[in-house]
Amino acid sequence: MWRDARLIAAKDLKIELRTKVTANQILPFAFVVLIVFAFALDTSPGTLQKVAPGLFWLAVLFSSILSVERTVAIELDDNAGDGLLVYGVDHGGIFLGKVVAVFVQLFLLEVLLLLGVVVLYGSKVGGWPLMLASTFFATLGLSAAGVTYSQLASASRAKQTLVPLLFVPVASPVLLAGTKAWQDALSGTSSIGDPWLRLLIVFAVVYLALGAIFFGSILEG
Amino acid sequence: MESNGYRWTRKLVGSLSLILVAATVVLGLWITPPDVVQGQLVRLIYVHPPVAWVAYLAYGVTSIASVLYLWKRTRNIKWDLLAASSAEVGVVFTGLTLVTGSIWGKPAWGVWWTWDARLTTTALLFVLYLGYLALRSVPADSHQRAVRSAIAGLIAFIDVPIVHQSVVWWRTLHQSATVLNPSLSPKIHGEMAMTLLLGFISFTFVYAWMLMHRYEIASMQQQVLDAELEQMIQERQREPELEFQRVHVKDGNDQINQPSKV
Amino acid sequence: MQSLVSFKNVIVVSGNFPVLTGLDFEAGPGEIVLVTGRNGAGKTSFLRAVAGLLRITRGSARVLGVDIVANPGDARHRVGLLGHESFLYEDLTARENVNFVLKATRSDPSGADSAMASVGLAGRLADLRVVKMSAGQRKKVALAALLARNPELWLLDEPHASLDSWTREVLDSTVNAKVAAGATVLLVSHEAQHGSLVPTRVVEVGGGKIVGDSLLSEAIVAEETVKPKQESGHVA
Amino acid sequence: MWRDARLIAAKDLKIELRTKVTANQILPFAFVVLIVFAFALDTSPGTLQKVAPGLFWLAVLFSSILSVERTVAIELDDNAGDGLLVYGVDHGGIFLGKVVAVFVQLFLLEVLLLLGVVVLYGSKVGGWPLMLASTFFATLGLSAAGVTYSQLASASRAKQTLVPLLFVPVASPVLLAGTKAWQDALSGTSSIGDPWLRLLIVFAVVYLALGAIFFGSILEG
Amino acid sequence: MQSLVSFKNVIVVSGNFPVLTGLDFEAGPGEIVLVTGRNGAGKTSFLRAVAGLLRITRGSARVLGVDIVANPGDARHRVGLLGHESFLYEDLTARENVNFVLKATRSDPSGADSAMASVGLAGRLADLRVVKMSAGQRKKVALAALLARNPELWLLDEPHASLDSWTREVLDSTVNAKVAAGATVLLVSHEAQHGSLVPTRVVEVGGGKIVGDSLLSEAIVAEETVKPKQESGHVA
């Protein structure tokens, strides 16, 4: 399983390095989302700073939709996913590999996006340990849930539109908890023991487990 | 290869822009007086409006070159390269506008950034041309890329007049037209106006120099590509012989391996 | 002889690769030209260039009297292409697809039913969405649309692949009838036999240009001689 | 051209009726976006009502991305778009037909979404003439710009991610003007002569014209 | 005789349509079974069911000694499928694709190069991304992966389509060699001739089940008699 996971993750990251979809397109898109939010919500100068963590996680959420759609699209071209079944690749390995590949891409994206938030919204950053930990687990949770749900949607002929529908409601706890955890981190009131962080950890663990358990059935079903 | 004349011109433009920028710096930092209200900060006026203006100029050149490519009678891959080079320089100058504006904004308005109409439309301009460059960066047929990016570049240019007019159309925090105002009579005077004018000229020269440099690189890359293409054509034309040899050698039998009629 | 397809030193660059490298070709009315050549030789690219789907980079090319270098769109609607892709809407039924093609080409809509019936798309299949069809059935839908459109120039890129022997017969005999009525056919095929569709000429494509052009009888002889020996020992 | 436009629009709408992508997937997605925004921005009770017009148009914007991606995807399956060229369908007709099909779907979606905003955020609705007119032209503009840009991106192997990047900045004026026009309509201060409505009309006309002029070159290029 | 594939009254429902409707089939080691039948008969579905890619709704099915009704995944890695789709990653090169398959199946990675060379994927082509390849070149990549994997049961769904005659020869002779070494082959084909790949048996699929099963010599006779008359007058 670990071996297969490494194989899949390496393949997906190689394809990303070659096509640069995340770097050249999803990342700029995330920035555009940041700008557009500012457009739509520009009421008074303080507002944006106040809701900055929420907007950051919204931008991450929309980017992660694109990211997981892309990871599934890779397997749908020329039915490569069926190939994985024929080759007897371990189901858990496929799941883990995809999660790792998505995680790596999203995490890098978030680092850059954070810079954007600081510059565009004039947010201050602080509470690093909590911030880092919450980002880590939130991203892990998003990746795990995203890969599972986009695979669920992939059988449909209209997967592009089904993924957001299925995934966004599921991911909204991450959105909420990520936002709150960041707010806590920024206000400096909380440490690693933050309850929102705990929620994020639970979410990540649950979705990793669910994915590991059910991914096989989704692939076979 | 570009002609020697081109290279000499480029070097001349380069040296001139160096001298001009140096003069602007001297005038801007030491000769001109500080402002009554803004103090030393006012010196940014010799940089910030000129770089914004040069960004407009760059996108204007991109648009003209794009039209020339789209129009069948003047179609030439050089226009595409020019459009791309100019857009790249334009993105750099738009970035500089944003940066110098932000630096100015912090002391002047108390914030690095605010969602004022001028600022927002400028940010959009930046993103629009980033999109243009992203569209160019996806691997595609050179003609197809040229057509598509020309269209994207032309459409993006619509934002330029909007940025310029934004201070008029919306009530904004940002300075309204001081220099490039409708009556074309600058509202600042004396050596400040002179220095500002010099700033415009010197950054225009810097732009010209960067553009020439970028265009030369692009056209050299294109020449390499063209040469590679010629070579690829010849290689591909030889494919049948190679194919034949491969079969021929492997079989080690001269009798039954005659090439089909060529 | 009037020339329906006339390519002179045509170079086509697609995705920065020269798929055609100076191709010369002429075909007149009533010909069935078999286009052969190794995988990747440029056969599909040649057909797509004739159909006006690939931009011609250099050289001159006329199709059905139209200069397709200057006006790539002007001959297209008189040309029929049956290729690796079949241009079908997967969520429409066979009948809807055929009707769409007829409307789009402003052809006589009454031919749809008989064309579909002739390839065996009647009853359940006529109202089945293309996405649910087998490989051969899809091809039949594309074929039916082509038959109903009745173009002047037929570009058939491995038309027999995935068709069963009965449908092959239908295709062959119909195309023969069209040719008798003046249509021209360019047929790409790797198969040794082509049923009753007997080519009048064989051209061989290699490295993006024509490397062989002969009447059928000569070609058969030539083909026999280049057939390579088996290489079974190699991979086992 | 009109004939071809009708043909294309009819085909696209028939495919929509059959696959129900907009109805079953894009519409629910739009609702999910509304809810998620409520999540991320839920600071004080008044806030949501105040920003409701902005959120409505944001939801429309994200839905329109999906919608135009879908309209291009229809032509990419099995290379049907090449088919249109071979059949000699008029380029302007293809453009117009696609715009009409997207417009119809988006407009219906907006009507339902409006109900959602009223129910979820408790917004009041009023100023009908301005509201209707601004919605009409905003949607027309979004459809025209969206079809053009998604076609621009369609050659790329990673169109799913390129479309949002190119389209969102272009569409943001619609977002802004739509929001402002609705705010005016709701506050009852303005009539049909609203400057934001004029901006929307200009946008729609400009993008219809640009699309009609350039769509052919994009298809052929 | 030990049975490698044993289907008993197998019903497969896919998308609410019964693609297989009570299919009985047995094959032992060393056989080359030609599977024929009209378009839409269920040949592809049959092969996909054997490969464990379609869930078996009713009936019993064993492949390579594994009960694939209960454990559809357990035989897969010993089965090779070359079908209408080729399971390739379009953004990877030929070599990367083949290497990936070998790693995924835990096969000997050293076979990649010789397998690729044997089908003519050397030099430029080996490092070309699949997305840029012609129809036949893609098929070659899939074929190279299959050759290097060396499965026990070969499911070939119209393997010859879009391959040139040289590659057909390679395929045929390699498969012959594998069969001599004990492999079993199910071959779907519509072509009248299959080069040097000589089937030992012919089964005919119709309406989702086996409607004919005969040794080759008988089959040829049977086929001749059912061939329909031409219907050329129909569409002209």
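A, B, C, D and E label the chains in the order they appear, each numbered from 1.
As a working rule, a contact is a pair of C-beta atoms (placed from the backbone, for glycine too) under 8 Å apart; a residue touches a chain by one contact, two chains touch by 3 or more.
Owing to the predicted nature of the structure, the values given are computational and were not obtained by experimental measurement.
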Fewest hops from subunit B to subunit D - one hop per pair of touching chains: 1
Inter-chain pair with the most contacting C-beta pairs: C-E
Centre distance in Å when subunit B and subunit C are each reduced to the mean of their C-alpha atoms: 45
Centre distance in Å when subunit C and subunit E are each reduced to the mean of their C-alpha atoms: 26
Whole-Å gap separating subunit A and subunit B, where each centre is the average of the chain's CA atoms: 34
Computed distance of Cα centres, subunit C from subunit A, in Å: 46
Subunit D, residues touching no fewer than two other chains: 19, 157-158, 162, 165, 169, 172, 220
Two or more partner chains touched - positions in subunit E: 90-91, 120, 166
Junction residues of subunit B - those touching two or more other chains: 124, 127, 131, 134, 138-140, 143, 247
Touch list for subunit D against partner subunit A, complex: 19, 21-22, 25-26, 28-29, 32-33, 35-37, 39-41, 43, 50-51, 54-55, 57-58, 61-62, 66, 69-70, 73, 157-158, 160-162, 164-165, 168-169, 172, 175-176, 179
Subunit C to subunit D touching residues, read off their complex: 51-53, 55, 72-73, 76-77, 79-81, 85-92, 96, 100-101, 103-105, 129
Complex contacts: residues of subunit B adjacent to subunit D: 70, 124, 127-128, 131, 134-135, 138-140, 143-144, 146-148, 151-152, 155-156, 158
Partner subunit B, residues of subunit D touching it in the complex: 148, 152-153, 155-158, 162, 165-166, 169-170, 172, 206, 210, 214, 217-218, 220-221
For the subunit C and subunit B complex, residues of the former touching the latter: 11, 13-18, 21-22, 38, 41, 55, 204, 206-209, 211-214, 218, 222-223, 225-226, 228-229, 231
